[in-house]
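One structure is given below, represented as structure tokens, and several questions about it will come after.
Chain lettering (A, B, C and D) follows the sequence in which the chains are written, and residue indices restart at 1 in each chain.
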Amino acid sequence: MCPVDSTTELAGITLRNPILTCSGTYGFGEEYTAYCPLEALGGITLKGITPLPRLGNPVPRLAETPAGLLNAVGLENPGLEEFLSSYLPKVRKLPTAVIANISGFSLEDYTQMARALRRDSGLAALEVNISCPNVKHGGMHFGTDPQSAEDVIAAVKAETDLPIIAKLSPNVTDIVEMARAVQRGGADAVSLINTLLGMSIDLDRQRPVLANTFGGLSGPAIRPVAVRMVWQVYQAIDLPIIGMGGITTWQDAVEFLLAGATAVSVGTGNFVNPQAPLEILKGIQGYCEKHGIASVRELVGLAHKS
Amino acid sequence: MLTEGLVVVHERLGEEAQRLMKLVLKGPIAKTAQAGQFVAVRVQDPTLASYDPLLRRPISLAEISPESDEITLLYRVVGKGTEILARARCGDRLSIMGPLGRGFSLPEDGELWLIAGGIGIFPLYPLAQRALAKGLSVRLFWGGDNQTFLESAGLSEWQALGIPIHLSTMDGSLGQKGLVTVQVLGLLWEFNGKVENSGQTMDGKLYVATCGPHKMMQAVTELCMNSGVPVEVSLEERMGCAVGACLGCVCTLKDEAGTLIHKKVCQDGPVFRGEEVVWDVSC
Amino acid sequence: MCPVDSTTELAGITLRNPILTCSGTYGFGEEYTAYCPLEALGGITLKGITPLPRLGNPVPRLAETPAGLLNAVGLENPGLEEFLSSYLPKVRKLPTAVIANISGFSLEDYTQMARALRRDSGLAALEVNISCPNVKHGGMHFGTDPQSAEDVIAAVKAETDLPIIAKLSPNVTDIVEMARAVQRGGADAVSLINTLLGMSIDLDRQRPVLANTFGGLSGPAIRPVAVRMVWQVYQAIDLPIIGMGGITTWQDAVEFLLAGATAVSVGTGNFVNPQAPLEILKGIQGYCEKHGIASVRELVGLAHKS
Amino acid sequence: MLTEGLVVVHERLGEEAQRLMKLVLKGPIAKTAQAGQFVAVRVQDPTLASYDPLLRRPISLAEISPESDEITLLYRVVGKGTEILARARCGDRLSIMGPLGRGFSLPEDGELWLIAGGIGIFPLYPLAQRALAKGLSVRLFWGGDNQTFLESAGLSEWQALGIPIHLSTMDGSLGQKGLVTVQVLGLLWEFNGKVENSGQTMDGKLYVATCGPHKMMQAVTELCMNSGVPVEVSLEERMGCAVGACLGCVCTLKDEAGTLIHKKVCQDGPVFRGEEVVWDVSC
């Protein structure tokens, strides 16, 4: 039998394989190289950046929950300028596709970054994280209001020639409505899902564990919610989906592909097993072989059909 | 480095109620590890797809034996993760990331004071060993709850090193009653006096390495800074990735310009120069 | 020291203690008696009923996920008439407070049941599950539209003299908005939370595990989301809250009380440990003793204050 | 009943690749258990607050020894839950709910045929023991993948009962090649013939109890119904509560009026009369 074809295409980018890593869990690409060679990955997504540097939230920023992790890093990042001068020259040389992730608190935040991050930057795509509150509009979240989501994607799209991946928040009543909105805005792909809003309380201190009170829940605990959203969005719209949320083993990754994800992204799973992306790739290939499937692309959405 | 450590010793350390464990793992990392570094241990059998608890647990290297390819971890059972870890048996294999972080620096010469609070003693032992091997003079200050704790947590091994030891306990059952910092302060004065009498500067003479509760390390740092003694502290923070990728474990430092910056305990630490640490932070 | 006072009050009902059991996980009150004496509980909530009998969904109805459980029982129940004739005579004699749970697919469904379930039924309260689709309004969910939620609670309130507990769905963008809506509708308390919508896929069959495709996620995995919603609703409105979602140990229960729940309800946790409610009660009492707290009522919302 | 079972035997059953385990637990439930009932086992140490896997696992009673207060569970390691269960060691305590459900009924007299597919054999052994003790004649039909499986899963214990045994394997390595139902059909004809010749009715003479794959039990039920032989089947379904409280485990039956109804496998079953089961359902 021929080896399984692992290449895939996503929003016009050809990827070596469908395994990516999640923004915020993989630093700026160099932290995990001793554990997982970047050339084995389809691509990596960088930590989210904002126009200005941010120190983020006080610690504790992390709290473990059953099969889950709460984080409230608060978008600590070096800011756009420092990113362009100190980080970009390095990341553009990494031996894999590199996706930048941008976050903002106003429309201008996003457009400013999009203008600076174009094809000539060497990046493969721009992931637009719309889960932050829009401080100019009374804290209403870009990621929960369809019109704001559409606007921010359209504004970013107008400023850059890079493919745009809209990263959606799961903390909404109707994920399909949000996906339709970013499609209207011109997104080339969607990333599903960001973290679920959660919290935990320290019984000794009788206070929230996280200094920020609330945090984003990631990890295996949220996988069923993520798979459901991928399934729903796959049925409703035509954009390729990057599936994420609790992927730790190849079985988890195949679940997302069968549900309709074109690629999968490993986040918290790296913390558990820094070689998870490698093992996932091998496992997907083995699964294809076992089922007589020639290309990983054939797995996408298969559970809707059979 | 991700490796499998073969459990060769796993036993209770001292009295049962102290809930201390000694775990010796065979594997390649002993060759490259420094005192003060740590490993991130997956507490469950890595072949099990069970994700509660989810994260690895950071544990310091309490002994590093490159000759026998062994590392020793000493830990206290405090919650779910260490509870499960404590069930590993000889012959089991544990998934280990490490050696991680930046350990203590080893001065070229002079005197090294180790100041430990509670189980903060553990990472200091390999530092003592290496300092002694290098010919430095080493002195230990160690505070704990009571005699039983100190004896359980390895007092006799320290005594075997033949170095001066100053003990404090909260209940006075061994050594001086009260905080370890009181004894440090006393000797620091003495030492300062000696240095002044001899006309030498302290610089390059006395070094301090401390590990223990936050408040204790803060107090030690203040004492040292007042006396111009370089001090290294080993910070603790909840960790996600343990390799600098998630920004979960930051601590706040002051850079040369006095600006507050964040560094990662897992990658830039856990050992930092005491004077750069901002102890009371809310950012 | 005096023994800890465990009694509490909720929507005008005095409860022996704040430990309840969740609808759908505790049958009609007799299934668990060999494991957990009902007289030790603050109360139980019965399986949800509908006006007509329902066979529910095909099997598989259950799928395990990391620290979670997906269920798609599909509201199997004997229907109102059979409930009144065969079940009510038994449950009203149970040695604990009994809360009925009603579900419907139209406003009339709810009012019909509310009319039949009044104080003279011997029930302590009526929990109104508004998480089902409203078939008369194109499948829009009562539980995700504030106006529908308000209307259904107001309609039920008008038909019965029992205290009304509105059980809210977590699958919404803004839980506080939903809580405010049911408060306007006249709810006497809110139950937080029902299950998160999720799914999982069987890699061998390449089809969803659940016959119904989607299911509700419960268990420890969802606890951080539930605690967060209790916290938010406690800050925003004045109604007492019954906290639920993943409670398995007393520590979990205390977390909910500190976040603002007046009572807690054990669901999936019973499956793991059928004596969980007993152990939780003991644990809460022990926690109060350790912290010098005289009454469990003092724990409610404590993490907001200290 | 919720009890702790003390692990007194836990060992591999037969060949390693079969992944079969034998677990003997000491505890009070042996006193009240019936053949065909099951227990819901918490696979992890009940003192650990780890919730992945979350649910208990239903396992049939494969031997019930009231004299020694022991029950035996035989199980195949197929996934996370049984994988973890397989690590329990002698001296450990497991949390057990049970005995649960309604087991097989024991006829008053006549002949009892046991028809097993694969590991469906396990709950039939205590039934055979009790039927023999009561003086019934017992006959076993058992189909499996191959000889290794049958031998691993306890063939010699069955042979020791001294009853007639009809084996089938898919690969023909032991007994007749093919499905077990073929052999059942053959003997059923023979038996029918004998009954007819003797002028007796079959009623009250032959009983069938079957456990195995769904399709097999369906075929057995059809054969039995065609011959008017009462048959009991042991159904399997994913379980939540295991006590009838969650409606997770329903099966579809036809009541006397022919109406489709749901019953709970955990509480009303797992054993049902074959003729009431609706085998091909979508509701």
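Note that a contact is a pair of C-beta atoms (placed from the backbone, for glycine too) under 8 Å apart; a residue touches a chain by one contact, two chains touch by 3 or more.
None of the values given here were measured: they were computed from a predicted structure.
Novice: Out of curiosity, which chains are bumping into both chain C and chain D?
Specialist: Both chain C and chain D are touched by A, B, going by the contact rule given at the top.
Novice: Looking at CA centres, what chain is most distant from chain C?
Specialist: Most distant chain from chain C: B.
Novice: Averaged over CA atoms, how far is the centre of chain A from the centre of chain B? Could you give it in whole Å?
Specialist: 36
Novice: Between chain B and chain C, what distance separates the C-alpha centroids? Give it in angstrom.
Specialist: Centres of chain B and chain C (C-alpha means) sit 47 Å apart.
Novice: I'd like the Å distance between the centres of chain B and chain D, where a centre is the mean of that chain's Cα atoms.
Specialist: 56
Novice: Would you kindly tell me how far, in whole Å, the mean C-alpha position of chain C lies from that of chain A?
Specialist: 34
Novice: Would you give the residues of chain B that are in contact with at least 2 other chains, written as numbers and ranges?
Specialist: As it turns out, chain B has residues touching two or more other chains at 49, 51-53.
Novice: Touching two or more other chains, which residues of chain C qualify?
Specialist: 66-68, 219-221, 251
Novice: Treating touching as the only link between chains, describe the layout with one word: line, ring, star, complete or other.
Specialist: The chain contacts form a complete graph, every chain touching every other.
Novice: So in the complex, the part of chain C that touches chain A is made up of which residues?
Specialist: Those in contact with chain A are residues 65-68, 70, 144, 171-174, 196-201, 203, 205-208, 213-215, 217, 219-225, 227-228, 231, 246, 251, 254-255, 258-259, 287, 302-303, 306.
Novice: Within their complex, state which residues of chain A touch chain D.
Specialist: The contact residues of chain A facing chain D are 66-67, 220.
Novice: Touching residues of chain C toward chain D in the complex: what are they?
Specialist: Those residues of chain C that touch chain D are 24-27, 31-32, 34-35, 47, 55-56, 58-64, 66-69, 71, 73, 76, 211, 219-221, 248-249, 251, 268, 270-275.
Novice: Which stretch or stretches of chain D touch chain B in the complex?
Specialist: Interface residues on chain D, with respect to chain B: 45, 48-53, 80, 83-84, 87.
Novice: So in the complex, which bits of chain B are touching chain C?
Specialist: Residues of chain B touching chain C: 51-52.
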